[in-house]
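The data blocks that follow each hold one structure.
Across the two complexes that follow, chain A remains constant while its partner is chain B and subsequently chain C.
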Partner chain A sequence: MKPGLAIQPWGNYSLALAASVECLRVEPWTQRSTTPETLRLGVEASPEFACLSFKACTGHFIKAAQEGVRYGVMVNSRGTCRLRYYREIQQKILQERGLDLFIFGLGYDGLKPPLIRHFDPDLLPFLRCCARAQQKTLAVDALEREVWRVRAVERQPGDATRVLNECLADLDRARSVPEIRACVRTFKPRFAAVPIDATRVPLRIGLLGEATLLRDRYLNHNLEEILGGLGAEVRNFFLLGDEVRNIFRIGLFSRNSRWRLKRLARPYLENLVGGHALDSVAHALRCAQEGFDGVVHVAPAGCMPEVSVRPILRRLSQDLDLPILECSFDEHASHVGVVTRLEAFVSMLRERQEKKPRKRP
Partner chain B sequence: MKNSHYLGIDVGSISANLVLIDAEAQVVFADYRRVDGWPLRAAQAALAALRAACPQAVLAGVGATGSARHLVAAALGADVVQNEISAHACAAIHVQPDVQTVIEIGGQDSKVTIVRDRVVVDFAMNLLCAAGTGSFLDAQAQRLNLTIEEFSRQAVRSERPTGIAGRCTVFAESDMIHKQQIGHRQEDIVMGLCLAMARNFLGNVCVGKEIRPPIVFQGGVSANQGMRRAFAELLKCELIVPEHHLVMGALGAALLVRRAAPAASRFRGFDVCERAIDTQAFTCPDCANACEVIEIVDRGEIVGRSGGRCRKWEGRAGPR
Partner chain C sequence: MRTFIASLFHRNRPGRLRPIGLPRALHPHLQPGLWEAFFAALGVPVVLSEPTTRATLERAELISETEHCLPVKLLDAHLEELGGRVDRVFVPRILSLHRGFISCPKLAALPDAVRAQFRGRFEVVTADVDENRRPLEQTLAELGRTLGFAPAESTAAARQALAAAASPAAPIADSDRRRYLLIGHPYNLADAYLADPIVRKLEELGVAVERLPAGPPRGAPATLRWDTSAHMLEALCALDPARCAGVIQLTSFNCGCDSMAGPYYRETLKAAGIPFMALTLDAHSALAGLDTRLEAFVESIAGRA
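Right, the complex of A and B next:
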């Protein structure tokens, strides 16, 4: 039997990540989002002050270990957020609970990351597998873009999400690059078949902040769907395709390259704060330039990088007349409270739009 | 229709409020009562009071707001379901068109809304802390063996308010006990509490917001003379407490439904206040979230649902 490998949940990207480890001759174990059960496990085991992302991830690994999974993998890059030490702490928590699961860190550790060193795949299958994972990541990017657009104008609430889930299931079944490409070609027509109300003018809202919360629909209380249901076309600025390109320094000249973002954010942020702080500032500026109606900034309570950028965002919001809603989440956040804030934010933006419409380029 | 009226109902954590306005947006009837743990029954009782007071009213629309809005909307049949932040702002702008800031403190939440040129431009709501809300004042009044009305009267009499640590309400309470034990006068302690609560609100909820007069103060806590005085002292300006300060949420909901002017109201008739409306829960089997969804049952028929993380069940009637 192949050993199991638990992968941190990354929203819809989980399936692409699962595809990336196939060549390691392991059985990927992942979930599309945190569940109430894994969060409960994580909260019990984690220090009280750790951020929500940490707790969710810890719970995920505990659940995996309980189901007999022996290995895990998580991002712990050289990022300057506390994420840097999270792998070590989680490993210790698992050990103390007598759980036998080894977590590989995916960071900069020589030419061959420890995960590859341990499983030592053959080169050709490995490259083929990377290509598949990359294609699936880009496919999910494309799906996300479609669903944001359609959800804001769908006639029957829930249609866009249903089509999204069908597409994801098909994508998960695709085994080769040509199969993935064929699957991607069906996306557009499938979303085009959703009945929409073309007379509605959707608001445009940018979502930015901490990556796990942006991606995990359980942790962020289904932010994208709530906003979509209120008639807002969201744009979630965490797209894994862009992120991967940045990590490997490909696409230096793409719109979302680190270099571009740095230049964009420079009037407000010169130093590295860690995490996705730079992205948050740069993307907020981009939202203002592109005439977005508002921005929702999402962070776990106590997230160091994102808390540091909040004063910057407040300043930016005043300077550029861009409404920004700050949302902090922890395991105690009440769903009603989140929905109430989002509804109030959307109705405020609607009122503004009626009184003085923002210019859309 | 000339004789048409609009009903707004706001059911929150502590109180259920109901306002009936006529076609010219004049308040015809207002009702404020405590929920005491039964949101639906409180709403039904308020409706019964309305029927007794204005039996001739023809309802052209119903608006629901407050944290129990979805439950109430399904049970009564509402045309507009709006969050309480927007409803409160709408009412404040209606009664005070030049308002720049709205402070609203209710049973368990407190919010500040910034208005410019009759448009809401920013708002904030207490997030991780319920300090300075009605529930806390209630609890402290009880500890001092005062009714909330006596608490309010005492606060105004104070000449030297006691300094009380207000960062956290649990610590505020221990500090208050300490001040009692070293012999501070009761009215000074009461006023000290109000000041601590107001400072906490201004420091936590209003941080980074530009508080400009005219300021409208509303919600359950605005009935408290001590809190009015505390805000006036700290903000160095008089606050406007509107006539219907207790029921502004309901007034806002009524104004919103009047603006929406539904062609035919979904109101299920005054009879709903007599029927035993029941709720039942089920666990949605569709994903790993396993959300608990509440079904609102009236005479064996499911009239609405609420709960769940996705929007699938919200407001959906009929069989599963």
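Right, the complex of A and C next:
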């Protein structure tokens, strides 16, 4: 039997991450979002004031260990925020509970990370696997973009989400790069087949903030779907394709390269701070430039980098006349409360739109 | 060379001797005495904010971002108070205080956040303190130049400030009694309003207590990279159970560093067999609650012995 490898749940990207470890001859163990059960496990085990992302991720590993998974993988961050200590503290927590799951660190650890050293895949299948994972990541990016657009104008609520899930299931089944490409080609026609109401003018709302929360449907209380259902076309600024490019310092000329973002944010923020704080400020500025109607800033309660740039976002919101809704989530956030806030925000944006339509690029 | 070229083009800028505000919160506590000494050496009058009081705390709660930790909130209140008295304040961007270590990420956004919050009220003078990139002396000298002082003057002031700040802390009086150690980030321990009631209460209970002095972590960077947390962990590792009766950690609500470093402190002290208690401070903490917890802690330890 193949040993299991627990991978952090990261929204729809989970299937791309799962594809990336196939060549290691392990069974990936992941979920498309945190579940109430894993969050409960994580909250019980984690330090009280740790961030929500940490708690969710810890719960995921505990659940995996309980189901007999022996290995896990977690990014090794070199940054300034709490992510740096996730792996070590999670390992400690697992040990204290007598659970036998070893978490490999990934990244910034020599040319051959311990994970690769341990499973030692052959070079060719490994490269092929990386290519597949990358293709799947880009495919998920493309899918997300489609679904944001269609969800805001669909006639039958839930259609876009249904098509998204079908596409994701197909993408998960695709095993080779040509198969993935063929699958991606079917996306556009499938979404085009969804009946839409072309007379509706959707609001445009940018989602920015901390990566895990932006991506985890359970943790962010299904923000994208709620906003989509209220007739807003969202744009989630965390796309893994861009992120991977930034990590490997390729795509220096892409619109979302670190260098570009730094230049964009300079009038308001002169430092990277850590996490995605600079990205939040830069993307908020971009939202204003591109005529977005509003922005939702998403962060776990007490997130060190995101909270420290909040005063800057507030100033920016005043300067550029861009409404920003600050949403902090912890394990006590109530779904009804979140929905109410979003509804109020959207209706406020609608009123603004009627009074003074923003010019669209 | 750069200094030399700069000196050729240098003109003493008018208004460089305008008084500068320095809050009695957060960053001056991380490098005690340094900034006062530096500005004094340059001849710039320093205006300090008033010490923290209950009113400061209440004001902080009103004007600051709700999710900030207590020390950052207090900084906002101190700066607001200074805003009425001076037209510029000093808030450095602290990225790293010691080579190999990093500082809390909240400090990295501070000057920009303060500028955003208090725009139009005062000018924010800042300097990048990053020991991983360049030594403090250079940082100070460059700050002097940006303030409009001659390069030679700036460098001399930087040296003078470093010499003044490097004077060793008074050694702790040695006695036979077992002591309690109070740990926490320097800006919490050094704030008389936050830490003094705890020290006073412990002394009332008849036990000796000692505050962990601010200082650099001595060893090589290991588990914890945040400098203040690493310094605390180091001090805890060096504790002798025969001399230390217990450790009390003073932490502020929503402190990110402490939330992650807490398990390490706990583990270290458990291994050494030293009792440990964490006291969380926020703007609402009541003295009576702290008193009860301290009494219970001290009594339970007395019962153990």
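Convention: the second predicted complex is superposed on the first by the 361 of 361 C-alpha atoms of A that agree within 3 Å, B and C clash if a C-alpha of one lies under 4 Å from a C-alpha of the other, contacts with A are read in each partner's own complex, and residues count from 1 in each chain.
Methods note: a contact is a pair of C-beta atoms (placed from the backbone, for glycine too) under 8 Å apart; a residue touches a chain by one contact, two chains touch by 3 or more.
Quick caveat, the model's predicted, so the values are computed rather than measured.
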item	value
First, second, both or neither for A:K92, with chain B first and chain C second	second
Partner chain(s) touched by A:A301 [first = chain B, second = chain C, both, neither]	both
Chain B versus chain C as contact partner of A:R314, first or second or both or neither	both
Touching partner for A:S328 - first (chain B), second (chain C), both, neither	both
Partner chain(s) touched by A:R341 [first = chain B, second = chain C, both, neither]	first
Partner chain(s) touched by A:P36 [first = chain B, second = chain C, both, neither]	first
Contacts of A:T199 with chain B and chain C, given as first, second, both or neither	neither
Partner chain(s) touched by A:N271 [first = chain B, second = chain C, both, neither]	second
Intersection of the chain A residues that touch chain B with those that touch chain C	301, 314, 328
In the complex, chain A residues that touch chain B	31, 33, 35-37, 157-158, 161, 217-218, 221-222, 225-226, 229, 301, 314, 323, 328, 330, 332, 335-337, 339-341, 343-345, 347-348, 351-352, 355
Touching residues (chain side chain A, partner chain C) in the complex	47-51, 80-82, 84-85, 88-89, 92, 268-275, 277, 301-302, 304-305, 307-312, 314-316, 328
Interface residues, chain B side, partner chain A - complex	67, 82-86, 109, 117, 119-123, 125, 127-128, 208, 288-290, 309-312, 314
Sites on chain C touched by chain A in the complex	65, 67-68, 72, 93, 95, 102-106, 108-114, 116-117, 119, 128, 223-225, 253-256, 258-260, 262-263, 267
